[in-house]
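Should a chain be cited, it is by its letter among A, B, C, D, E and F, assigned in written order, with residues numbered from 1 in that chain.
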C-alpha cells in the first residue's frame, strides 16, 4: 500500500499531476452544477416578477438580467 | 431519409437533446476513466519508462497526453463553431463556441501542469523553451484571449462575433506559430520533447492512455453540453419555452 | 425611398420593438418620437446598417441595404449622438476630408461658404477642440449643407444649438425635403416644416418593453 | 480608389503631426525599454551582445502594440469611425490606409533608430544591417496583425492591456524570425536568407488578409 | 476620513470586479511579456537564469504602467473625476484610495504569480522568495509614482505612451534595486538587506508625497 | 450667496468676457444665456473653481472660493456636459457613491425613491451603460433630488431629455429655489419658474470676440 502511494519516490509528481487533473475537473463539474442552479433560480425569479406585475400595472422592468460572463 | 439539420440548430430544440445526452456521456466518461486509471496504475508496472523501467513518474502519461490532445482538439472545435456562426449567423454555434472555451482552457492548463511535473524528474526542469511546450503555452494564451475578449464585451452579439473572429484569426496563426517555434533550421533548436509517434509507446501503456483519452473526450462532451444549457437558458430567457422549462425543472 | 418591413430590434435582453413597418418616400420627413430609452437611437442605427436588426428587412429603392452595402452608404448621411469630427483638425479640414470620402470632394470655397452659413465665420482655421459644444455641433452640421445625399438620418440634431442655429437647421431640413430628399430624425422638440409631408412614428413606452410599438403614423401636409 | 486611400493616409498623418510628440513618444518608449534592460540584468558585454536582438525585438513589439491601441480608438471616441463606415468606400481599403499611416509614423522611426540602440548592445556592423532589414520587414506585419486586435477591443474598458493579451501571442512568429535573423547573422550572413523569405511571406500574407479581418472586426465592434 | 477613503477604494474595486477579466488581463500581460523574451533571446538555461530578475522586473514595470493609464482616464472621460474634485474631500485622500485599489488589483497579483514565471527562468528557491519580497515592496512604489504621471497625461491623446515616457525614468531606481536584490541573493542572501532598506524607504517616501503631487497634477489637468 | 466681481476669462487667445460682476442671492435662479461659444460653460466652470479665472474674484458667503476650497465644494452641486456617472455601475451604486462622497450618505430607500421619481423605476439595477442617452442623463439628475447643496450649477441640463423629464427637472429647480437655494444654469430653452427670482445674464456675441459682454441683468418676479 505504502509502496503504491509513494510511486517509487515520485509521489509528488505523480499525485500532483493526477490530483490537479481530477481536482480541476471536479471543480468544473461543481461550478457547472452551481451555475445551473443559480441560473434557474434567477430566471425563475425574473419570470415570477414579470408575471404579476404585467397583470397589475402592465409595466415590466426586466431588470438585473445581465448574464453571468463565463 | 433527409434529416432537417437546421431543426437541431435552434437552441430550443437542442436544449432537451443536450439534456438527454449529458447523463450518457457522464457515465461513459466515468467508466472509461476508471478503467484507464485501474489499468494504468495496477497492470502496467513492468513497462513503465520504456527503455528504463520502474520510473513511476511515467504514469503521468495517462493524463498528460490525453489533456494535450484534448486541448488541441477543442480549439479546433471552438474555431469551427465560430466560423459556422459567423458565416451562417446561427445563434447556437456561438453558444457552442462559448461553451467549449473554458473546458479547452482547462485541458490546456492541465497539459502544461502535468507536463511540468513530468519534466522535473525526466528532464530535470519544470519548464523549458522547447517548441512543443512553447506552442502549448501560446495555445493557452489564445484560449485566455478568447475568454477575456468575450467577457470584456457586454453586448452578447458583439461579444460572440468578436470572439469568433479572434478564434479564427488564432486558427490561421496556429500553424505559423507552431512552425516558427520549430525553427526553420531544426539543428538550431534542441527539442526536448520527442517527436513521438504513438507507435513507439508500449502497447500496454498505449491502451490505458487511449482509454483515458476517450474518457476525457466523453467528459468534454458532457461538460460542454452542461455549460451550453445554462447559456441557452440565460440568453433565451424571454422566450415562452424557457418559462415552461423553468417551471418544470424548478419543481422537479 | 426607404421601405422598412416587420423590423425588430433587441438591446441586451430587451425587445425594443417588433413588427415595425413604415415607408419613407421622397419629399418626406419622418419624425421618430418616443420617451427616453424607447429605442429611437437603436432604430436609426439599424436604418443606417450600423446595427443588425433581429428580424425584418430594410430596403432602399427596392433592394435590401445589406445587399447594397457601400452603394447605400453613398446615398446616406448619418448624424449620431457623437459629432464625428476630429478635434485636432480645423473645421475646414474636417469638412474637406468628409466630402472626399463621400466621393464628392468640395472645394475650399464651398466649404468656406458652408461654414459661414452655419455661423462659424472666423473659426474655420481653429482646431475644433477649441470650440464650444455648440460650435462643434455646428461644424458637424455644415456637412448637411455640402451633402447631396438623398437620405438624411439625424439623431437629436438640435441639442446644444442656440436659437439661431436651430432655425438654420430647420431651414436646411426643409430645403432637403423640398428638393426631393428624405429626412429621418429624432428630437424632443417640434419641427415646423414649410413644405413636404411629415410623418410621425412613436416608439412604445420604454418602461413596458413587452408591448410592441404603437405606430401612430400620421401624415400631414 | 487610390484617392480614398491617400485621403485617409494623409488625414492620419496630418493628425499625428499636429501632435508631433505622439510620434516621438513611441520612439522614446522603444529607446527607454531597450535601455532599461542593461539596468536590470547588468552590463556584461558578451551577455549584452547575445541579448541584443531579442531585447530590441521585444521592445519593438511592445512599442508597436502600445501605439496600436490608439489606431481606431480616437476615431471611435469622436464618432468619425462611424462616419468612415458609412462613407460608401470599401472599409478594408480605409483600414489599410490607416495601418500604413500608422506604420509610417511608428514603425519606420523604429527601423531608423535601431542602429543607435543596437550599439548599446555592442552588436556588430553586419548584425545591425540585418536588424534594420528584419525590422523593416517585420514591423509592418506587427501593425497589420495588431490592427485586428485594435478593432476587436475597440471601446472596451482596459482595452490596451486586453489588446496586448490578444495580439502578443500572434506576434511570436515575427519575433522568432526577426530576432533569429539577427542572431544567425552573427554566425554566417548567408544563413539569414530563409529568415528573410519567411518574413516577406508573413508580410504579404498579412497585407492581404489583415485589412479584411480588421474591417470585419470593426463592423462587429460598432454594432 | 476613513469612510471616504474606503468608499473610493471599494468603488474602484467593485468597478474592476465588474469586469473580472481586467484584473486577469494585467496578470496575463505580465506572463506573456516574460514568456516572450526566451523566444527572442534563445533558451539557454544559464543565460536565462542571469536574465530572469531583470526580465521579471521590466515586465512588472510595463504591466503596472499600462494598467496605470486607466487609473484616472476612465473617470475623466465620463466626468466622474470632475465630480470627485468637487466632493469637498481632500483630493489627496481620494487619490490614495484609488492608488491602493489599483495596487490591490494589479500589483498584488504580480507578486503572487512571480514564483511561476521565475520557474520559467530556472531561478533558485531563495531567489524566488527574495523576488517576491522585492516585488511586494516595489510594486506599490510603481503605482504611487505612476499615479503622478497618469494625472499629468490625463486627456492627452496618445496618453499611454506619453505616460510611459514620463514615468519609466522615475521607475529606474525601483528597477535597479529590485532586480539587484534578486541578483545579489544568488551570491549571498545576507547581502540583500541594504536593498530592502532602500526599497522600504522608497515606499514610505512615495506613499507620503505621491498622492499630494498627483492631486495637484489632477487639478492642473482638469482646468 | 455668490458674489462675483470683475470676472474675466480667456480661452486660448480669446478674451471671452471681462469686468463681469453679478450676485446670486438665495432663492434665485440665474439663467446664463448666450450664443454657442459665448463662454457659458467657461463661466460656469470658473464659478465651480474648476477653472482659474484670469481676473476678478468669486466669493461664497463672503469668502473667496479659493480660500474655502473643500468647504465650498460641499455647498456646491455641479452638473456639466458630461454626466459624471460610471457606466459600469448601476444607477443605485452611482448614487450611493456620489452621496457618500458628498458626506451625506443616502440610504437605499431614498435612492430608490429618487430614481423612481426621475422615471427610472425598473432600471435601478442595470449598469448605466445599458441605458439610452436620456436615461443616463436622468441617473445623473437624480442627484439633484438627493442633494442638500444650497448652490446648484447646471450646464445645459435639459439636453437629451424628453418632455416628461424636462417638466420634472423644472419642478426640481423650482423646489430648490423655493427652499432658499440658488441655481445657476445655462440652457437654450426658456425656464418657467413659479416662485423666486429669475435673473438673466447674457454673454456677448461669440463672433465678435473683442467686444466685452453685455450684462443685461434683469430681475423678474
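We take it that a contact is a pair of C-beta atoms (placed from the backbone, for glycine too) under 8 Å apart; a residue touches a chain by one contact, two chains touch by 3 or more.
A quick map from chain label to UniProt name: A = Heme exporter protein D; B = Heme exporter protein C; C, F = Heme ABC exporter ATP-binding protein CcmA; D, E = Heme exporter protein B.
Only a predicted model underlies this, so the values are computations on that prediction, with no experimental measurement involved.
Common neighbours of subunit E and subunit F, listed by label, are B.
Looking at contact counts per chain pair, the maximum sits at D-E.
The distance from the centre of subunit D to the centre of subunit F, with each centre set as the mean of the Cα atoms, comes to 46 Å. In this assembly, the C-alpha centroid of subunit B lies 35 Å from the C-alpha centroid of subunit E. In whole angstrom, the spacing between the mean C-alpha positions of subunit B and subunit F is 56.
Rounded to whole angstrom, the centroid-to-centroid distance between subunit A and subunit C, based on C-alpha atoms, equals 46 Å.
In subunit B, the residues that reach two or more other chains under the touch definition are 141, 144, 147-148, 151-152, 154-157, 181, 235, 237-238.
Contacts with at least two other chains are made by residues 11-13, 52, 81, 88, 207 of subunit C.
Those residues of subunit E in touch with two or more other chains are numbered 19-22, 25, 28, 32, 39, 74, 157. In the complex of the two chains, the subunit E residues touching subunit F come out as 3-4, 7-8, 11, 14-15, 18-19, 74-75, 77-80, 82-90, 94, 222-223. Every residue of subunit F that touches subunit C in the complex is listed here, in rising order: 11-12, 34-41, 81, 119, 121-123, 130-135, 137-138, 156, 159-166, 188, 206-207. Touching subunit D in their complex are the following residues of subunit B: 138, 141-142, 144-145, 148-149, 152-153, 155, 157-158, 161-162, 165-166, 169-170, 172-173, 176-177, 179-181, 183-185, 188.
Listing the residues of subunit E that touch subunit D in their complex gives 19, 21-22, 25-26, 28-29, 32-33, 36-37, 39-42, 47, 50-51, 53-55, 57-58, 61-63, 66-67, 69-70, 74, 157-158, 160-162, 164-165, 168-169, 172, 175-176, 179, 183.
Listing the residues of subunit B that touch subunit C in their complex gives 154-157, 235, 237-238.
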